[in-house]
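Order of writing sets the labels: A, B, C and D. Residues in every chain begin at 1.
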Amino acid sequence: MDFPKVFPMPDAWLTHRVSYGETDAMGVLYYAEYLHIFERSRGLFIRERGMSYSTVEERGILLPVREAWCRYRVPSRYDDEIHVHCAVSEWNRASLRFVYEIKDPARERLLAQGSTEHACVNKLGKPVRVPDWLKALFGQPT
Amino acid sequence: MDFPKVFPMPDAWLTHRVSYGETDAMGVLYYAEYLHIFERSRGLFIRERGMSYSTVEERGILLPVREAWCRYRVPSRYDDEIHVHCAVSEWNRASLRFVYEIKDPARERLLAQGSTEHACVNKLGKPVRVPDWLKALFGQPT
Amino acid sequence: MDFPKVFPMPDAWLTHRVSYGETDAMGVLYYAEYLHIFERSRGLFIRERGMSYSTVEERGILLPVREAWCRYRVPSRYDDEIHVHCAVSEWNRASLRFVYEIKDPARERLLAQGSTEHACVNKLGKPVRVPDWLKALFGQPT
Amino acid sequence: MDFPKVFPMPDAWLTHRVSYGETDAMGVLYYAEYLHIFERSRGLFIRERGMSYSTVEERGILLPVREAWCRYRVPSRYDDEIHVHCAVSEWNRASLRFVYEIKDPARERLLAQGSTEHACVNKLGKPVRVPDWLKALFGQPT
């Protein structure tokens, strides 16, 4: 999976505390939970741009995930504070890609990285061109 | 919480295998997962009566949970096979109650028990009388 | 389930943002997720007393949930900010009870309430007397 | 992500029923849940070879996920029965790769595909050579 050498801008940083329910019998953050945490960070990214993803949906645009990828480097444990870096890395006609990095509280050590590709569809699930207002919102020249 | 002395009929038994993602750092089935498993067993109960809960919803009736209760007796671990017993224990004008028992594969040792109370509402979320077809479906004289 | 008329002190307030992954096909926060959120709030409660629950475990004391109860009053939706109020309501020889309230951001409207009873056990899973340092930590006269 | 043209053998097929708790506000199986379901299918794969993954761990070998990837093609909904195809696609000195396909009950329509790469580590988390008994168990000439 290609990961950008320079993390794209604009970006958002989510602070997340690992809960007991997110850990597994190995004592570490379970691998599927990373996708939940990525989702939390892109929700924050959108909110920091000034809109809730629920408003995006109300405007008739849904962004279902078409592909997800995650590379697990250093495990996290119960009560660890992790910092999740999120940005849009790629714009296509009817899709976009988010990238993520999870770091320690000093934001130095890389614990995990990932990406999600999202289709842009209308309420009937039909692919549509990414609207200009969404690009503008996410800080992309239209 | 009152639990019926005799398990009600008709009933359903779900067989469930504990996955790694359902365990926590204590090495046991995480306490919130029991509610997921209860939901699976009542879905099976409805399906065995001849209808999917999704059909119940298509007919305009939703059964959101208003109260949930669980008593954890013996912890389950990764790869354990557990058997979940489910039935309706109580009918009210606009609500009903499911009860659950989780047992070992011999269906002898009680591992957990619980109950969920469900409002009967229409698609606008307004409480409505439990329809006769639902009572009949669930094996209750109307 | 008895719920105290006056919320006990000391208390903690957790702010939680409802994620997409926590919602279900009814469009609301799924009922099992409340137990995850309760757990987050009691983790915060312990942390605000000056210790992580992981330190409690390192000292040889585990607090597995023996009983959980939740009353769902008003559903929460994607991106809602909810405030979770948490405190210890009851001390017994070898167990303790936490209570929870979930409120809107104004901390006025009651969305849900619940409780969890925890056994106090050692690393072998054997019930032990609640240690004085734990009572003192949680703000209880020993 | 490379996906093998011919699905490897030996393989396992898991039948899974989509629960309400696995769906999200879009009404479909939430994207992180696929990783839980993949895990269930590789647990079944190992069990069908004659050993539980918990026995693998008891023998001192852990297989933590180092990388996960999923391509979502057709969404699944509440109560859908899905069939999950699982096999080992790749053996390396100290790691192995599982691949997955999710299909409809006729096992014809491809709903999703994915892969997970697992490190082979000892109980201290140190990478070790994949043991011959594990290769033999998984149907690989040693």
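Methods note: a contact is a pair of C-beta atoms (placed from the backbone, for glycine too) under 8 Å apart; a residue touches a chain by one contact, two chains touch by 3 or more.
For clarity, every value in this text was computed on a predicted model and none was experimentally measured.
A.B. asks: Which chain has its C-alpha centroid farthest away from the centroid of chain D?
C.D. replies: Between chain D and the rest, the longest centre separation is with C.
A.B. asks: For the pairs A-C and B-C, output the one whose chains share more C-beta pairs in contact.
C.D. replies: The greater number of contacts lies at B-C.
A.B. asks: From the mean C-alpha coordinate of chain A to that of chain C, what's the distance rounded to whole Å?
C.D. replies: 28
A.B. asks: Please work out the Cα centroid separation of chain B and chain C, and write it as a whole number of Å.
C.D. replies: That gives a centre separation of 23 Å.
A.B. asks: Using the touch rule from the top of the page, what residues of chain C touch 2 or more other chains?
C.D. replies: As it turns out, chain C has residues touching two or more other chains at 20-21, 26, 28, 32, 35-36, 39, 77-78.
A.B. asks: Where on chain C is chain B touching in the complex?
C.D. replies: Chain C residues touching chain B: 1, 26, 28, 31-33, 35-36, 39, 62, 64-72, 75, 116.
A.B. asks: Could you please specify the touching residues of chain D with respect to chain B in the complex?
C.D. replies: 17, 19-21, 35-36, 39-40, 43, 47, 52-54, 77-79
A.B. asks: Can you list the residues on chain B that touch chain A in the complex?
C.D. replies: My answer: residues 20-21, 23-28, 30, 32, 77-78.
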